[in-house]
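Two complexes are shown next, each including chain A; its partner changes from chain B in the first to chain C in the second.
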Partner chain A sequence: MTASVGFGFMAACTLVSAIFVVRSKNLIRAALWLGATLLLTAALYAMLDASFLAGVQVLLYVGGISTLLIFGVMMTRKHEGLVVEAETVNVPRGVFAAGALFGGVAAAIKMTPELDSGVRPPVVTANDLGRGLLIDHVLAFEVVSLLLLVAIIGAVVIARKRDPGAEVPGFVRRPLAAKASSAKPVANEVSP
Partner chain B sequence: MNALFRGASYGAVIITAILSTIAIGIWFERKFAGRMQSRLGPTIVGPVGLFQPLADVVKLLQKEDIVPRDADRSLFDLAPILATLFALGAAAVVPFSATAVTADLDIGVLWILAIGALMVIPTFMAGWASNNKFALLGGMRAVAQAVSYAVPLVLAVMVPVILSGTMQVSGIVQWQQQHHWVALWPVIPGLPAFVLFFLAMLAESNRIPFDIPEAESELVAGITTEYTGAKFTLFYMAEYVHTLVGSAVGASLFLGGWDGPFAPGLHWMVLKTLLLFAAVYWVRWSLLRFRSDQLMDLCWKWLTPIGVFLVLAAATWVQLMPGGR
Partner chain C sequence: MTLSHCLLLASALFAVGVYGILTRRQIVAVLLSIELMANAANLVFVSFSRFRPSMSGSGAQGQIFALFSLALTVAEVAVGLAIVILVYRAHGDTRIDLASEMKS
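The block that comes next holds the complex of A and B.
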């Protein structure tokens, strides 16, 4: 009983902070709320005896992804002053997508007969997970890592300039000579 | 309930011990730095200046709490609290003796790494909420550095995990008790992994030569520029807590924890932790600061490939040494 009350409380906290993520006008605050949401999700995992998953969730999502998001906001947006504005768009579509996802997951849970038996599932330890990933399902694991490799190479290709001499759109290359000639009159003014 | 109560009381004792060690640690550092620079360090307050940290804390707590007008008030207040909390958090899974451990999680090492990854959040929060150019630059540098150096840190920590075959910190110490300290044998990958861990730990706790985020000659005081009084004290303390807890983690993962000749126990763990802590300050007062790009070069071009090699070496060692590891 105490456990389910605790779980309900944590789930409610997760939901509230998730609402703050989408309702926050300040993008940095939204990113920090997202960090809090992911942290609370990790707490839910820990309560469900999936402690390894909880640890990885904190390490990768809270430590990695939310930091990346913050970096992204800071590097792409002009931040004059403190508030980086976020606008809320497509509310009905968002609500529909969230509702559909919730309905799908809820239906899947309802249709799983094992959940009604009341038997607590066995605790999967980090050891079991390691064996599963690196011995039993090693091929699938490696294919996933190949996918990540493809993503990294893709990112590098997109980020790299195609040709060092090529014109970058929106960037006017000013020859060095022009700069030097524009600097000259100033020098003359200083020492006539 | 009994286990919960036991954990809570151990936790309280360990937190108190860490905080009082830090007071003495600050005194020690100032004396030590004084010696290295041919001066005396604190001498006035108490015998040989021993009460200086106490006087400093009282002074800092009395100072006016100044908040910049355009600061993001709630984040500005939250950042130092979170910084101290996360810095202390990693201590929960570190066993100080065979029984003195707050929470002996079976994913202890993962917990330490996860809490370490969380440290970037308050750092960034402080830099952002201060609404100050220097604080923001310091915050961004700190986050970039912490995120980069987390990679060699994880790789270095993987070596004792692979060798002992467990992620439970007390399990790793017990394995070292039965076999050998990771830093001593096998020489490759053990010793370089320990050095790698030490360097990454210096970088994660923003200590010289990795204190780019603070870089007082360029950034005033980095993220702490706008902080005064009690909040500054918290940040200052969090930095020392981070170093001390990092030393304790290093002592348990690489130097055999509470294991030692004659009588294994708490005293060995304390001794090793304090030696590592002192080594951090030895490095701090001996070396100069890296430049920002040199720092990244070192991390990505040297430490990370070395780390990958060490993890491979550890796995090979475990495979080639049947049973005995």
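The block that comes next holds the complex of A and C.
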């Protein structure tokens, strides 16, 4: 009984903070509300006996991704100050699509009563997770590490500055014709 | 706390993310909504691994899949933020309709 009351409370808190993420006028506040949502989801994981995943969620999502997203918000704003405007358009369309999706999925869940029957499996420990990752699914594990490497390098390559005026100071690229002719204009170019 | 309660919560979170994607105009806000949806999908994996016995193996497949999906989300956020910074540098703004032309 207390477990279900606790679950209902946590679910309500998670849902409310998720709605704040998509409704908040200030983009930084929206990012902070996302952090709250992810933290509450970590608590739900702990209630679902997935304590290792709860820890990973706090470390990776709340500590990593929220910080990264707040950096993203702060690096791409036009105005000074703490308020980053986030406009909302097409609210009726969004409400209709989200309501239709939720209604459809909820009806499907309600029409499947055998979801709640059956025996509960034993609790998965971190030991099981480690064995599963490094014995049964070791190929997928390595592929994921490769994918992370490629994604991080790709992100650096995409976001790198490509300003031709911001090359190494003091270095002037000589035109090919000047190199073939006399050395005097080249010397003028090198020492501006 | 049963499996259907968890699934209902996860689908509600996913629907909130869909609403955010459809109504926000900043690319970073759309990324936040995508994070919400990925989080909801992870919640489904974890709750199924708690309430339903697995077909084979040690029964940890649901949580292992959730771990993989966490790593994929991290990669997606890194590349997405790089693209946001590129759009900002090219146009001086991060409205999502500007992303149709990213070459500066």
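Here, the second predicted complex is superposed on the first by the 130 of 192 C-alpha atoms of A that agree within 3 Å, B and C clash if a C-alpha of one lies under 4 Å from a C-alpha of the other, contacts with A are read in each partner's own complex, and residues count from 1 in each chain.
In the analysis below, a contact is a pair of C-beta atoms (placed from the backbone, for glycine too) under 8 Å apart; a residue touches a chain by one contact, two chains touch by 3 or more.
None of the values given here were measured: they were computed from a predicted structure.
Participant: A:51 contacts which: chain B (first), chain C (second), both, neither?
Facilitator: It touches chain B, and chain C stays clear.
Participant: Check whether A:138 is in contact with chain B, with chain C, with both or with neither, and answer first, second, both or neither.
Facilitator: The answer is neither, since A:138 touches no partner chain.
Participant: Does chain B (first) or chain C (second) touch A:35, or do both, or does neither?
Facilitator: Only chain B; A:35 stays clear of chain C.
Participant: Quick one: is A:16 in contact with chain B, with chain C, with both, or with neither? Answer first, second, both or neither.
Facilitator: A:16: touches no partner chain.
Participant: Of the two partner chains, chain B (first) and chain C (second), which one does A:155 touch, if any: first, second, both, or neither?
Facilitator: The answer is second: A:155 touches chain C but not chain B.
Participant: Taking the superposition on A as described, I'd like to know which of chain B and chain C A:146 touches: first, second, both or neither.
Facilitator: neither
Participant: Look at A:64 in the shared chain and tell me whether it touches chain B only, chain C only, both, or neither; answer first, second, both or neither.
Facilitator: A:64 sits against chain B and chain C alike.
Participant: Residues of chain A touched: more by chain B or chain C?
Facilitator: Of chain B and chain C, C contacts more residues of chain A.
Participant: Which residues form the common part of the chain A surface touched by chain B and by chain C?
Facilitator: Of chain A, residues 52, 56, 64, 71 contact chain B in one complex and chain C in the other.
Participant: List the residues on chain A that touch chain C in their complex, please.
Facilitator: The contact residues of chain A facing chain C are 3-4, 7, 11, 14-15, 18-19, 21-22, 27, 30-31, 34, 37-38, 41, 44-45, 47-50, 52-53, 56-57, 60-61, 64-65, 68-69, 71-73, 75-76, 78, 86-91, 93-95, 97-99, 101-102, 105-106, 109-110, 112, 115-116, 118-122, 124, 128-129, 131-133, 136-137, 140, 144, 147-148, 151-152, 154-156, 158-159, 161.
Participant: What does chain A use to touch chain B in their complex?
Facilitator: Its residues touching chain B are 26, 28-29, 32, 35, 39, 51-52, 55-56, 58-59, 62-64, 66-67, 70-71, 74, 81-82, 125-126.
Participant: Would you tell me which residues of chain C are touching chain A in their complex?
Facilitator: My answer: residues 1-9, 11-20, 22-29, 31-33, 35-36, 39, 42-43, 46-47, 49-54, 57-64, 66-68, 70-79, 81-89, 92-94.
Participant: Which chain B residues qualify as touching chain A in the complex?
Facilitator: Listed in rising order, the residues of chain B that touch chain A are 70-72, 75, 105-107, 110-111, 113-118, 120-121, 124-125, 128, 131, 140, 143-144, 147, 150, 167.
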